[in-house]
Every structure is written in C-alpha cells, then in structure tokens.
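In the two assemblies presented below, chain A is common to both, partnered first by chain B and then by chain C.
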Partner chain A sequence: MSAAKRVQQWATFARSWHIFDCKWQDPYESANIIKKYLMGLHKPIYHPMNDCGDVVVAINSRDIALRGDEWRTRAYFHHTGYPGGASWTLAWELHNKDPTMIIKKAVYRAMKGNLQRRHTMQRLFIYPGENVPEDVLQNVTNQIRQIRLVPTRLDQIPEEVTKTYPKVMDYPEDYVLK
Partner chain B sequence: MSAKHMFLKPGFVRAPLQNGIGRYVCQLQRIVLKFCKSNGASRGMRDFIEQDLVDFAKVNPGVVVYLKPRRHRGPVVVAEYLNGDRVWMSVHNKTHAEITKWIEVLRTQQGNNASTRLRKYQYTDHPSIQGPWTPFTHKLPELNTAELPNPAFGANNRLPMSATEQLRLMFEAQKLGEKSDDLKTAE
Partner chain C sequence: MAGLVRAGFSFAKTAIFSTSVRSIATTNPLHLREIHERVEGSTKIIEAVNVPSPRTELLIRAENLPTQDAAASTSEKPCYMCALGLDVKHTDVLIVSQFVRSDGCMLPRRITGLCRRQQKKMGKLVAMAQKAGLMINLTPSYCKKDPKKRKDHKKFNTYFDERTIFMKKIPKPVDKFKR
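Right, the complex of A and B next:
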C-alpha cells in the first residue's frame, strides 16, 4: 500500500466526535439517533464487521423530558442475584441518584444485544450539565440535530419583545385575569 | 461462504503481473505423472503417455516432465509452479481426453487457483474516481469554525412552521406592505 493510499484509509476510517444536546429531548427517541452515530450506521462505508463507529458526547442529560407521567410510572428493574434481591426504582428516583443513567440505559437498550454493544457504549460520554472537559470538547467536529424544538419560557423572552408582539385580541375592560 | 470453504485462504481475483504482455512466462515448472503399468485405473494415463507426452514436452520446453511408474497404485498428476504452489490431482479412471484437458488446465493456470476462496468476483485497484468518502465530505463548511455546542447546528430545522409563526409573518407582511422581501423569519 502506497503512502497516499494509506493516508486515504486513515481519512475514510477516521473516528469523528459528535455532540448532542439532551435538553427537553425524549431519551428513548434520542437513543435511536445516538445509536446510529455510535455504531457508524450514518456512514456510507458501514459494514457490521468494520470498526467505523463514532464518539458521541451527550450534554444536559439532567434536562431530559419524559413523556406523560412516565417520571412516576416508569420503573427500572435491578436484581442483586440473591433471594429477595429484586428492586424497582422509579424513573424520577433514578434520575435523582444519577442524572446520566436514564439516557445511558436508553441507548444501551436501543442497540441489539451482541458482543459489540458494551464496546460501543464505551464511546458514549454523558454529562449532566453544560460542563464538558476541555480535552473532550476540543475533539468535537459535529453536532447532532435534536428531535424536538426546545421551548422558550415566557419569562426568558425580553420585555420589549413581549410588548411589541402582535396580539390577536385584547381582553375586555371588565375581564378579570387570574 | 459455506463451511467447506472456511479453511481456504481468502483472496481476490488477480492477473499474474503483466504475464503475456510482451512475453509469456509459463508458470508451470514441473509436472510428475505417476501411474501403474498394469492397473486399469491408469489406462487413460498410459494412453496419454504413449500418444501425447512427447509432443507435450516438445511444445513446452520450459516444463520438466517426470514419469513415475509404480506398481498397483492409482494414477496421479503433480504439478509444481513458479510461485511454489504444488497441485496434487488424482486422475483415477479418467479417459485419455479428460487427462489431456486437465493437463492443459494445469499448464495454463498460474498457481494453485483452487485453494483460494474468492472474497469477491471482481477486484479493482482504483475503487473510486472521485476519491473515497471521508467523514468530512459534504459537511457544512461553517462547522469548521463553529463553536460547538451551538443551537444553530443542534436545533431541529425540519419542523413545519407553527401557526403562531405564520400569523406573525402575515402581520409583518401586512405592516410592511410592499417591502415584504427583506422579512426576518424565526428560522
């Protein structure tokens, strides 16, 4: 293999780093997106036997949004292996203990259970907030687009914008606002 | 790939280096014909030796031909090649015509071709004219200088326009009248 071809090979199989903002995102929908990047399914060179998976840095995992009342109803099961060792932890309890755990488990479950899965998971970095170590952040070259639009709260919009925003109708004079 | 091909050496289709362009180098170096003088299984082999072998040796001066008569053993052809390959072939009960064809195969082939499992039926040194794909082909150039994470690159840009946004745009267009070209939208 000539020197030029060798460099071409390195370029094609280079591992790139992606960042994903979990803010207001459903972890189980996001997991399907993150999984594709972790396994390299988004690449035209993908083949199950070549090692072309990328690294994904997931930030703001503390601010994920579960659907409906799933914070209260979804339970995570664990068994210690001893008799009576079963335990069910609700999603909100698990999230309080470790804010990265729900997204980690969602990505793990989204992938097919084979020998490669644990190695693929090693390429996923999850951070509960905005703070990402500098040595991790400097590798990032791409951002994965979110699925849902992050809503803006009314109190985060400046006063002038709210004042000048067009109104469909005015409240009547005698209308009592709660 | 079936189980019986598991232990073959994998390889690609290839031509011997420029062989036949300008000059031809016969890749077969030595051929040993083993046969029995009395056994019926060697009948075809004996016919070949009586009728064709001298002509074969004259036409191919680069090939060493050995005859190895041995009593009450099956007829065998062993061919040895320039690249060190050795092909052992039983010609038990083969007729004269069949043996002529098999020896022609052994003479013209380049090595022990049957011992490689072809990974693909085609091969090229230049798989792409445009250049193979890399992670940076068709990437937005703005990403090179962008400070990530950045909501401009992270937000979903494929959502349909909301009713509120549409109303606002209608309002703005109404307010501006003719100057609707330089309208600022939320996207």
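Right, the complex of A and C next:
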C-alpha cells in the first residue's frame, strides 16, 4: 500500500469531532441531526457493522427551546420497580434538575434500540453552558449547522435601527400616544 | 326607499353626535397627541400636545411599491397587511412591535385598521413574542423583564409555530417520545 493510500485509509476511518450549539434549538428536531453524526450515517462507508460513528459535543444545552406549551405539558416517565414507584416529571422540572438530560434523552430515543445504542451514546458530550474542557475542545474540527435561527430581542437592537425601520402601521389622526 | 332611510339615519347621527362633540371640544379634535405632565409650584399641569406622526415618512404601502400594478380595483379592497402579503413571524419584533402600546398590549382594531383575520393574527404574534421574551422593553412596569427570572416553566426558551395560529386543535409534535 502506497503512502498516499495509507493516509486516505486513516482519514476515512478516523473519528472526527463535531460541535453543535443548542441555543434556541428544539431538542427533538436536533436529535435527528445529532443522531446521524453519532452513528456515522453521513458517511458513504456507513454500515451497521462498521464502527464509523463520530463524536458530537453539544454546548449550551441550558438554552434549548421547546415549542408552545411543551415545557409544562411534556412529562418524563420513570419507574423505580417497586409498587407505587411510578413518577411523571414535567419537562421544566427535569430541566431545572439537570439541564443536559432533555437533549440526552431525545438523542437516545431518536435512535433504534439495539446493542449499539448505549455505546453510541458514549460518544455524545453535552455541556449546559459554553465552558467546554480544553482537551475536548481541541479535537473539534467541524460545526453542525443549527436548524432554527436564534431570535434577536427588541432591546438588543439599537434604537436608531428601531426608529428608522420601515413601518407598516400608522396611528390614526385622533390617537393619543401611550 | 332604503337609501332614503339610510340617508335620513346618517343625517340624524351626524346631527346628534358630531354637533355634541363639536360643542365640547375647544381645540381641533382630530390630531395625534401626546399627554405631558409637569409640576409648576403647587399646581400639576396635564396637557395634550399635538405631535406629527413619527411614522408617516417611513410608511410602506402596497400601492406605492413599484412592482404593484393598478389592477386592484375589484369589489373589496384588502387591508394594508393583506395587500403587502408579508410572511410575518413572531421573531420579526421590528414589525410586531409596531402594533403594541408602550406597555406591550395589542392595539384594538379601530386603531390598527386591519381586517378581522389580520388583527387576530397580529394579536397572536404579539402574544407569542411576549411569551418568548422577545419584547421585554415593551412590558408593564410590574413585569419581570429578564425571561430567565420568570417563574417555573416560563423561564426557559420557548418558540412558536405560526402555522398553528388558525388551527382549532394544535397537533402534537412528531418525535419518538410516547406521551
């Protein structure tokens, strides 16, 4: 095998590291994206028996966004195994306790339940904020594109932009400004 | 006959209402105003000052756009938002914030001049933007401005789907979670 071919072999089977910013992202939509990178589905060499999955570092998991009233309607079920040991935790209660748990469970449930699933989950690193250990961050070579745009708050827009922005609504002539 | 009755009714209405209003007003009643409060010595003076509308120069109307043709002379004239045909999202705070008072409340239809459907839509978009904490400088004084300081489930980020505005029943999101 020539030197160039050997390098190509290494490059094909090397694990690459991806970073994903969860800020204002729906965890259940982004789980389907993260899953593809974790399992190696984005590679042409993918095969279920081929260990070609990548590593994903998910940051800012505290700032995930759920749709509509999901924070207070979505419940997470747990059973201790004892009689009367069932419990239902709402999404906002779970997020208060552990801000990484919702995205972790979303990715776990997005994958098919087989023997590989728990090993694939070991390659997912979730951090609640932007503080990532240096030895993790120096491996990262790729950024996964966010699905949803991060919205801009009105108080973060400068005042002259707000004033000179084109208007659609004008006040009627007899309106008292409030 | 019906036209005669309507003309008589409108004549009676103008005779009753406009005259009574005109007799009360001491200044020109039709003007955009601002309420000013100041204290001079022991007296508090509250006056309404006529101001020009700050928006008139920046106004966008469909009939003034160069791409629009003068073919819109049909029976029903659409309101200005329908004529513009904008796809407004609740994250477009620069547009949504034009329809609210300074305390973040939606303006009524007699002031916005929208049709019923657009008024409903803009009202829902305002509610969505306020719940998502995107217009925290347009809130009542007692409101906790920072969304992260709100209670329970309100302190976390929430996004909304604009397609659900006119739905009777909002469908559950599709993911593999059993609910």
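Here, the second predicted complex is superposed on the first by the 164 of 178 C-alpha atoms of A that agree within 3 Å, B and C clash if a C-alpha of one lies under 4 Å from a C-alpha of the other, contacts with A are read in each partner's own complex, and residues count from 1 in each chain.
The criterion applied here is as follows: a contact is a pair of C-beta atoms (placed from the backbone, for glycine too) under 8 Å apart; a residue touches a chain by one contact, two chains touch by 3 or more.
Everything quoted here is computed from the prediction, not taken from an experiment.
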item: Touched partner set for A:47, first chain B, second chain C, both or neither; value: neither
item: Touched partner set for A:166, first chain B, second chain C, both or neither; value: both
item: When both partners are placed on the shared chain, which of chain B and chain C touches more of chain A; value: C
item: Touching partner for A:90 - first (chain B), second (chain C), both, neither; value: second
item: First (chain B), second (chain C), both or neither touched by A:149; value: both
item: Partner chain in contact with A:59 - chain B first, chain C second, else both or neither; value: first
item: First (chain B), second (chain C), both or neither touched by A:21; value: first
item: Contacts of A:68 with chain B and chain C, given as first, second, both or neither; value: second
item: Those residues of chain A which chain B touches in one complex and chain C touches in the other; value: 148-149, 165-166, 168
item: Interface residues, chain C side, partner chain A - complex; value: 29-35, 48, 51, 53-56, 58-60, 80-81, 84, 86, 91, 93-95, 97-99, 101-103, 110-113, 132-138, 152-153, 156-161, 164, 170, 173, 175-179
item: Of all residues in chain A, those that touch chain C in their complex; value: 24, 26, 28, 31, 63-68, 70-72, 74-75, 77, 90-92, 95, 106, 109-110, 148-149, 151-155, 157, 161-178
item: Residue numbers on chain A that touch chain B, as the complex places them; value: 8, 11-12, 14, 16, 19-21, 43-45, 54, 59, 137, 140-150, 165-166, 168
item: Chain B residues within the chain A interface of the complex; value: 131-136, 139, 143, 148-151, 153-159, 167-168, 171
